[in-house]
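Supplied in structure tokens, the structure appears directly below.
Should a chain be cited, it is by its letter among A, B and C, assigned in written order, with residues numbered from 1 in that chain.
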Amino acid sequence: MSVAELGTSLDLAATAREMGAFIEELYPICRSITGDGLRRTLRAVQERIPLELREVPTGTKVFDWTVPEEWNITDAYVRDAAGRRVIDFRRSNLHVVNYSEPVRQTLSLAELKTHLFALPDRPDWIPYRTSYYERSWGFCLSQRQLEALPEGEYEAVIESRLEPGSLTYGELLLPGETNEEVLISTHCCHPSLANDNLSGIALSTSLARALAGAKRRYGYRFLFLPGTIGSIAWLSRNEAATSRIRAGLVVACVGDAGPLHYKKSRRGNAEIDRAAVHVLQHSGAKHRVLEFSPYGYDERQYCSPGFDLPVGSLTRTPHGRFPEYHTSADDLGFVRPESLSDSLRAYLAILAVIEGNERFRNTSPKGEPQLGRRGLYRAIGGLPDPGQHSLAMLWILNLSDGSNDLLAISERSGMSFSVIEAAAARLSENGLLSPAESSTVAVESTPSGKTK
Amino acid sequence: MSVAELGTSLDLAATAREMGAFIEELYPICRSITGDGLRRTLRAVQERIPLELREVPTGTKVFDWTVPEEWNITDAYVRDAAGRRVIDFRRSNLHVVNYSEPVRQTLSLAELKTHLFALPDRPDWIPYRTSYYERSWGFCLSQRQLEALPEGEYEAVIESRLEPGSLTYGELLLPGETNEEVLISTHCCHPSLANDNLSGIALSTSLARALAGAKRRYGYRFLFLPGTIGSIAWLSRNEAATSRIRAGLVVACVGDAGPLHYKKSRRGNAEIDRAAVHVLQHSGAKHRVLEFSPYGYDERQYCSPGFDLPVGSLTRTPHGRFPEYHTSADDLGFVRPESLSDSLRAYLAILAVIEGNERFRNTSPKGEPQLGRRGLYRAIGGLPDPGQHSLAMLWILNLSDGSNDLLAISERSGMSFSVIEAAAARLSENGLLSPAESSTVAVESTPSGKTK
Amino acid sequence: MSVAELGTSLDLAATAREMGAFIEELYPICRSITGDGLRRTLRAVQERIPLELREVPTGTKVFDWTVPEEWNITDAYVRDAAGRRVIDFRRSNLHVVNYSEPVRQTLSLAELKTHLFALPDRPDWIPYRTSYYERSWGFCLSQRQLEALPEGEYEAVIESRLEPGSLTYGELLLPGETNEEVLISTHCCHPSLANDNLSGIALSTSLARALAGAKRRYGYRFLFLPGTIGSIAWLSRNEAATSRIRAGLVVACVGDAGPLHYKKSRRGNAEIDRAAVHVLQHSGAKHRVLEFSPYGYDERQYCSPGFDLPVGSLTRTPHGRFPEYHTSADDLGFVRPESLSDSLRAYLAILAVIEGNERFRNTSPKGEPQLGRRGLYRAIGGLPDPGQHSLAMLWILNLSDGSNDLLAISERSGMSFSVIEAAAARLSENGLLSPAESSTVAVESTPSGKTK
């Protein structure tokens, strides 16, 4: 089964239910860029797909960065003079500033407030805040909670540990017929935020499971990693292997009710960009294409100038553009099954284009070949329109001079890739097309950087 | 007389009357892609211009195609049980599916209907249908005729012959000062359809007659040929000669009331494309420019990837976009004299641009040359505007660095080519321009492929 | 103080008052393309900035031109039979066609009228007319004056001299750290016309005075010269030196109430074009960007194909587009202080971009460098937006691969150059950027062509 066939045969509704259940399972875990919450999350993925877990020790230099100490937390609260937990990590892991150092301190309300974060404009929501690379501590709470705190003494307790350990990420390569690869990367470092990015983890997992059963021209490398430091660590350990990356997508925020947004790679017209734009344009659904910018998710790293990989990002509403972003309102109810399935459908459609996007040479380039005697053209002539399938064949024959891939032919003709691809298949069967180049090189070496 | 002068001196109204009369003369003939109808048509052209007729024998391989058997027809009808001709070739040659094999057969109405073609949406019109490359037979009739046929037995008779013979086309080269050529190609295979393409035959004939009396920088090669197989046959027999083709136009559907449409060559920005777009933009008339597509007339063959010639097509309403297309409603009344003359004017204007589109080098490129002392600039200064002629000279002097032809200067300045050309002539006379390149190579060899 | 700092520290209101006063001082002088009026004007500039005056003798060949005889005028009038001066040069120097040959002649009204110029559509205004290169004489007057002239005899007297002398222009080089130069050119040949171009003379003078006190990466070469022949003479005498010109602006019509107009150089996307467009786009004010055309001021000469220098022109309403153009209505009241100061601000802003437009290479191009540990990124993460300064740093790091200058980064990011430049400075201080090329070559030779 090809990736294109996968897209039509997959039971999207059932898959969406699986994704929803997986998101529910992962939601309570307190994740961070290191530590056991992240590890537990990756092991839950491992129950579904044969992910390999990598551990990068604290102190490892990864380009300009150093893998930090591992953070683990068991409890945290602010207790009032009466001993009541007025802020309680057990109720929501967002209450603690992620990567807070351990603390046990008695403070006045005024002193305490220098460590509190709230959202005046969204008085019921708890914000999500981090302090990965500067030692500090803090609590997040709703504006209403904050305003309800009476004067008095408070005890702030964070039972966390910052110790040498390692950074964990997960990697899975589904090998392809060639040694070129498609990178699928998703960040796994956020605690109880459903859309950002349990939706991405769940979609990537379901995508890997589906692709495992398909015929793959390209290898598919799935990365489940903590944002920024995780992708930098992977790039640092796999620098040479990046030359195999033909295309890539960063998966995030794929479950909200907003329309799909494709953010282009730094290159702007890489094959992945053209494929994604084509699929969205032919989807009939509302969507937006965004130019590359150096803020966002791990495409920032893949598209850094020292790599400049052809990696874009397909999300629904992009980061920072929905009010629920990085707040407790990005909860289980914020993610919708129909959005998850629609996102997965789009991922599969884009990958189907990448898989099928060959470049051919018309073997009969002087004048049109006689399609009729091959049964490729209707016998009765004179009609005003050649029909879509014949027109697709004419476009392919006309443009297949070795310089245009099928996607370029789809773009110029305005026809959908699937129609063009089907017509190209018929022409190939009839000997009217030959591969223009051997871009499908046999696998020569196994990917490096697979130490554990 | 230059081609530009021809455009202004030609009596367009008289020429339109000639074209109209020629269309009327040709209308009754039953043409096809081979046979005597085609031959008679080309001989009628020969009475007006010194066309050479070529015969390509049945069975000749022309690229991927084979010249088919020659088709000739003397009579055809469907007779009811009472012996009445209910469908009669003698009333309209559209009644027979073009290239029908001979038949003489008695059938029930139901059996007969599998061989009948009508247009339910246009109940009074007879469609035009063909079956060139697959042996079959059929009749076309109006939907009203079809519905009026009572149950009963019918005799279907087609007195046609499919026999070894040849494919005929006509060729005329008006030699130019250089051995570069402009190709003018028109299809001659349709039976009684006036706009498609007796209008093209008539316009091409009048154009050739006019150009014969003009000073020609380029040779003009006129091809009158059956669609598809004719141009493929010509290309196959003149492959080397195609390198001389600097520009080309496929002439079709030039007589209806619609606005002019220019369909670009596959290259999209060839000189012919730029010239046609320029002329239409400066015409002041409604018009449309269409991107290349691989469906249409013989530009499909000239623009096949093995040739990729700079050949566009100038029509009025394009094929398939007017309801009368390929029906009996494309009759003598559908073609208008004012459309024919307007089309001819546009052809001449485009060719005038091609003829005049030289590339110069400013001989005084440092600062402006002093136009005033050469009488090229008015003596009294200080006016807000230099006047159109002076401005044209300034544009030419500024852009004539060897990289811009006069058409590019017209495009960048927004001025019409004729103004730019006239200003360039005055500058040349004054020694301020020299030819930038010798694109006007002397004729070295006579065109090949002229066997008969 | 950098040019950018100059732009914010200069007292624009005071400078506008100085410019206004200078315009008033120069207004009465009868200037032309040669002669004492021009010389007096340049000496007035010399009182403010250390301009060097050059004299090019009559008869000197300058490319296609020859420096004409020097023109000086002491008096001119038309006297009626009663001896009354009905047209009087002493009332307005526009009354005499500039460069009129001497005349003393008695004529009928009809004869006289062949030498008179007026504006029927603007009956109260005196036009400005010239006849530099063809010997003739004439008077300009208002349409009302013209119509009021009764029949009778008139004496036309022009006390002018056309004699061997020289053409005068002024030149000032403010040297820079490198030997690349920015050219600032303004025409000084018009008599009593305030906007065209006393405004340009005044602005150029104030600009030179301001830049004299700034740190300059580039040299600034100021030219005060008669239009056309002056710039041609300068180019002719400084041909080799033009290779040092990195950017240039022609200063004219900078005092009227219209919005700023930037006319691009012939190249269309030279650094000066990109800088000017950027500044105007980010100004928040109404403005227009015009494509290059070969009519206008001395950019015609700098952008002639033999030089093709990156020289644009920043004006308010362009020449010929305001009704007062080249008439007595372009008087002192037509020029506004707020327009002069706004124009000067724009010139300084554009030059600040040119000065600061370096090209860097990210020294840590693989993944993002860790800005946080350098204090370049806020410690608390999780916010939806990185803040403008951080975003600017991310853009610079992402695009600084050696191919993008800071202006290109501003363009792609949509951020203002000043924000990008400030962020680049912080990154450079932190060792994250290194110069991509040594475009700042040490001064090797003094400019040539400095004979007097």
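Some observations on this one:
Throughout what follows, contacts are C-beta pairs under 8 Å (C-beta built on N, C-alpha and C of every residue); 3 or more make two chains touch, one makes a residue touch a chain.
The model shown is predicted, which means the values in this text are computed figures rather than measured ones.
Rounded to a multiple of 5, the Cα-based rotation taking subunit A onto subunit C is 120 degrees. Shared numbers divided by all numbers used gives the overlap of an interface; between subunit A and subunit B this overlap falls below half, so the copies present different residues.
Chain centres here are Cα averages; for subunit A and subunit B they lie 54 Å apart.
Residue positions of subunit A touching 2 or more other chains: none. Contact residues of subunit B toward subunit A in the complex are 62-65, 97-98, 117, 127-134, 136, 138, 228, 231-232, 235-236, 239, 266, 293-295, 300-301, 303-308, 319-321, 325-326. Within the complex formed with subunit B, the subunit A residues making contact are 362, 364-370, 372-373, 379-386, 391, 394-395, 397-401, 413.
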